[in-house]
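Can you keep this structure in mind? I'll have questions shortly.
Residue numbering begins at 1 within each chain, and the chains themselves are lettered A, B, C, D and E in the order written.
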Amino acid sequence: MANAKKSHALPEGGQWPDAIAFWAVLAGAVLTTIGFLMAFLYAGPVNGASVDGMPEMIGGQMVSSKLLLSQKIFYFHMPVAIVSFGALAFAGYYSVRFLMTKNQRYDTCAKVAMEISLIFVVCTMITGDLWTRFEWGVWWTWDPRLTTYLILMLIIIAYFVLRGFIDEPERRSIYSAVVSIIALVDVPICLMITRMIPSSIHPVVLREGGMTGDMGMTVGVCMIGMILLGFGMYRLRFRQVRLAQRVQALKDELEEN
Amino acid sequence: MSVVLKTPSTFQQYKTLLRKDLEQEFRTKEMITSMGIYALLVLVVFGAALGQTTQALDLLQVSGGLLWTLIVFTSLLGLNRSFNHEKEQGCLEGILLVPLDRSVIFLAKATSNILFLLAVEVITVPLFYFFFLTAVTPGESFWLLVLPLLVGTIGMAGIGTLLSTITVNTRGKDVMLAVLFVPIIFPLLFACASATTAIIVGAEGAMDVFYPALLLAAGYDVIMLLLSWVLYDFVISA
Amino acid sequence: MQAAITTKKLSKVFGTRKAVDNISLEVPQGAFLSIFGPNGAGKTTLLRMLSTLSRPTSGTAKLMGIDLKEDADKAREHIGLISHNSMLYPDLTAEQNLLLYAQLYGVQNPHERVMEMLEAVELKHRRLDVVRTFSRGMTQRLSIARALINDPDVVFLDEPYSGLDPHAVEIFDELIASQREGRTFVMVSHDLQKGFDMCTHALVLARGKEVAFGPKEEFEFGAFSLLYRETVGMGVS
Amino acid sequence: MSVVLKTPSTFQQYKTLLRKDLEQEFRTKEMITSMGIYALLVLVVFGAALGQTTQALDLLQVSGGLLWTLIVFTSLLGLNRSFNHEKEQGCLEGILLVPLDRSVIFLAKATSNILFLLAVEVITVPLFYFFFLTAVTPGESFWLLVLPLLVGTIGMAGIGTLLSTITVNTRGKDVMLAVLFVPIIFPLLFACASATTAIIVGAEGAMDVFYPALLLAAGYDVIMLLLSWVLYDFVISA
Amino acid sequence: MQAAITTKKLSKVFGTRKAVDNISLEVPQGAFLSIFGPNGAGKTTLLRMLSTLSRPTSGTAKLMGIDLKEDADKAREHIGLISHNSMLYPDLTAEQNLLLYAQLYGVQNPHERVMEMLEAVELKHRRLDVVRTFSRGMTQRLSIARALINDPDVVFLDEPYSGLDPHAVEIFDELIASQREGRTFVMVSHDLQKGFDMCTHALVLARGKEVAFGPKEEFEFGAFSLLYRETVGMGVS
């Protein structure tokens, strides 16, 4: 009952996390920049090889400098990918909450989380694809990881197309909640596929023995930066959407009286 | 006459609903003919597309993928129509007015979709064999093909029933269903196609691919069907 | 005796639009409630909530004493609904359609009950014909048979007359009259004269809000008519 | 104000009708988004289907066929919707009430279908290239691809406009359109796919295949468009 | 003066069913013809033939002296039609819709004419809104504007009142009244009272055949009403 009451009260304005949202974005940006610098200045190339324009011998393979440099993409690629999954998980959580309470607020939360995850998914695709270009020399292969991730992106796009194609608000939120929950099933598949299908050429760090300390440090900084960025963007966007809803509701109320 | 109501068992209601779909199909034969013809057309288009190659192409290698592409497109068509029937005269609301468990509606509809899809497959898979595989020699345990077919069909019809319940209420239903269905069904499609290809090629160690892929598909089926079942109540009452 | 319909502060919000706003009613058993109001007043929305097809945003509704939120399935046993749509499968025969609903409701002698209803709407001779070939009037009659097949205690009618020719209207009126005994009816109509004549209770809605509600005795037709005109004159919300 | 009517020129009416379709699309972006996404989905399904192969498949050999299959399915979808719009509120009858030459309606609708299809191709062909052809080296006169694309698109949209006018009034429109469209379009599809494959493979003597195929396609276009134009009056007044 | 509508033995056959059977009429300019008849009598079919949307199986029809078979395009300049469907594109704005039709008809000052019509139906302030967002009454008004944009001499109305609330009906009545000067109207309606009040000529159809036709003066309302009831009582054909 309390919930039902809240659900059609006016959409609230700012809440405490909004106060730190801006700072989170700022800190995230700073940390990511630091991570970027560390990737090139602090973290050593793989196995301590040096970048001097000459091919190096690593693990019995000749590796060119270009490849060693492109390895730097990793420091951004993985954190971005992880955050994209995280945002999706939050969207799924809010969708479940919405179905349980029918509180419109959760629908907005889920939608904004989806938007954030779309941004990060696109970034993963871009960084991953740049890497694909340097590492494997092609723009695209139908590797299982790449394919499943592309599919994940399509589901997220489908979520927004669905929202756009339904006019009634209640139906829209219920349907999109259901779709985002179903979409969540794809996340573990996407995560596990490199481990399940051995023929996959997408690397798995944990399987191949991990990173050196300096690399781990850099990844960590980037990771925290990206998480802060994701959170801050989420809150800022949420507040904007919520305030817009509030204005609309106030307008409607004025019109009615 | 006084009317006595006795709440029927869930199973009876399931049977009643399923029978309705079958009776309807029996009278019009609309679903099976249209899906069948469509499948045939898709086959022809594929044939033309692959017939382009000047060198002999290793058809065995792609046949699994082709077969499943065919099934996906055909089931898209069938799913689209199956809920259009329910909407036509507001029949779905008539059913919703009856005191029955919502998941019965899901189960009945999913079952009829499975049956229609299987019926269409009984026609198209031999045709597929005829068009693409008579020139080559598929592996000997070819008959195992029925397993991925069964698992895939069940999964597609199940999730498809949920999704088409959603899209029947949206603008541009046909595209919307495709947009949701294809990506969500993808892991299943992928696993089934792998299993099918392994079987058809029949190379050494085919079974090492076949069983894991089949298992994956079955697992996906179970998760998705459970999820669809749980979520169906929300979707249909929206 | 228990009321047939009781609502308390019933509301339905679509997005930010209040389609039904704080409606509290009490309709006794055997009553005939007519609902009036301009386009978009929330009449259909109210009917859909009362017939469990849509969930209220807030407030409670009881039907024959059963809370719709808590035990919708139990309430559904008492409900019959005739909406704009016939809710009949065009590719099944008249008999198959009724039988489907009879069996879903768990009517004890489904075949006999179906025959009885077909006779009541004078369609027994066409029972083996597919509904697609029926004219509009015939379809409407069958739709009435469908709505009454489970012998419901409360029957909801949403603009049942729209598009019928006068003869079809007559047949429909007779059917309703013969079924009124012991049943509660709720009807939405744009025809003030007709709706007022038939009713025992009247409700006027505008922009989701109750403008007037009460037993017919409380209203005098002239004044009620004036009130209605005024309400409708408020225009589409 | 007294109303003065001056029968506008055919070309003006053509422009007015075409502008209507474009304005509508501009507002909703429905056709292009839905066709675009659908094309992307078909691409992914193909990719996954062909990605199954353990041995490297000669993608160049099938790419022409794949591309055209993709275009056929996408245009099927678009054609289906384009007349649904006209039917929605009886708009087509509104247009028919105006004193104008029926073939203007055909030309305007065919033009808008061509434009939408081309717009979608502008997105999907690069995607197709990206997904399938970056790993291999297509022939060097690759850019000639635009010729069969243009010829094929014009033919498909033209005949498709006629056929979708017919099927929009039938039960089960989507299948009916596919059933008529695919066989009738088949020669065009075949010729275009040949030309495209020849170009993409870029082997010696490719041009000996390319130009005759293109010419065939163009000839088919001309005949079919003329035929559609002549027959349109009968179809639309039926 | 030349008659607005002249038909001679006009018939339309669907398969083996004669939807319109040997109808001969003559309606003078400036008249208001009301067409009555049960469901399936052929009213809509007749209207569609007269408005050139469907071709007669046999017989001839002339509109403002123009033979519909020989020069349909010329006749179309004189025709306005309001049918059940709004014939408006839901995704275009009110203004875009009217402009489309104005330009197709070749109205000389299309923009001014559109504004004038929007004003007449009191929708000028909503001209930039997409028709999809219009309520039923607003859509109906715009549909009237669309039908009259080419200043037609003959206006056909097929059950224009169905589904409107009383206020919308009033607005519609006023509009029609203000446009009657010099125009010929043909209206199909199931509402005998209303249709009879408005008309100068009446036609009753049943099973495609003419049951009665003539100027209103020839009929006395009581007798006409009886005749109508009888015809409708024949039931759905």
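Note that contacts are C-beta pairs under 8 Å (C-beta built on N, C-alpha and C of every residue); 3 or more make two chains touch, one makes a residue touch a chain.
Bear in mind the structure is a predicted one, so any value in this text is a computation, not a measurement.
Enquirer: Where the contacts of chain A and chain C overlap, which chains show up?
Expert: Neighbours common to chain A and chain C are B.
Enquirer: Give me the step distance from chain C to chain D, shortest route via touching chains only.
Expert: Each step joins two touching chains, and the minimum needed here is 2.
Enquirer: So chain C and chain E are the same sequence; what rotation in degrees superposes their CA atoms, nearest 5?
Expert: 180
Enquirer: Name the chain whose C-alpha centroid is farthest from the C-alpha centroid of chain A.
Expert: E
Enquirer: D-E versus A-D: which has more C-beta pairs touching?
Expert: Higher C-beta contact count between the two pairs: D-E.
Enquirer: Distance from the CA centroid of chain A to that of chain D, rounded to the nearest Å?
Expert: 37
Enquirer: Could you tell me the distance, in whole angstrom, between the mean C-alpha positions of chain D and chain E?
Expert: 38
Enquirer: Between chain A and chain B, what's the gap in Å when you average each chain's C-alpha atoms?
Expert: 32
Enquirer: Measuring centre to centre with CA averages, how many angstrom lie between chain A and chain E?
Expert: Spacing between the chain centres: roughly 59 Å.
Enquirer: Going by the touch rule set out above, which residues of chain A reach two or more other chains?
Expert: Expected reply: 147, 151, 154, 157-158, 161, 170.
Enquirer: Spell out, as numbers or ranges, the residues of chain D touching 2 or more other chains.
Expert: 30, 34, 37, 41, 44, 48, 50-51, 54
Enquirer: So, with touch as defined above, which chain pairs make the list?
Expert: Listed by label, chains in contact pair as A-B, A-C, A-D, B-C, B-D, C-E, D-E.
Enquirer: Within the complex, which stretch of chain C touches chain A?
Expert: Contact set of chain C toward chain A: 11, 13-18, 57-58, 207.
Enquirer: Considering only the defined contacts, which chain A positions touch chain B in the complex?
Expert: Residue positions touching the partner: 99, 144, 147-148, 151-152, 154-155, 157-158, 161-162, 165-167, 170-171, 174-175, 177-179, 181-183, 185-186, 189, 196.
Enquirer: Which residues of chain A touch chain D once you look at their complex with the stated criterion?
Expert: 138-143, 147, 150-151, 154, 157-158, 161, 199
Enquirer: Per the contact definition, I'd like the list of chain D residues that touch chain A in the complex.
Expert: Listed in rising order, the residues are 33-34, 37, 40-41, 44, 47-48, 50-51, 54, 130-131, 134-135.
Enquirer: Which part of chain B faces chain D closely enough to touch in the complex?
Expert: On the chain B side, the touching residues are 30, 34, 37-38, 41, 44-46, 48-55, 57-58, 61-62, 64-66, 68-69, 72-73, 77, 80-81, 171-172, 174-175, 178-179, 182-183, 186, 189-190, 193-194, 197.
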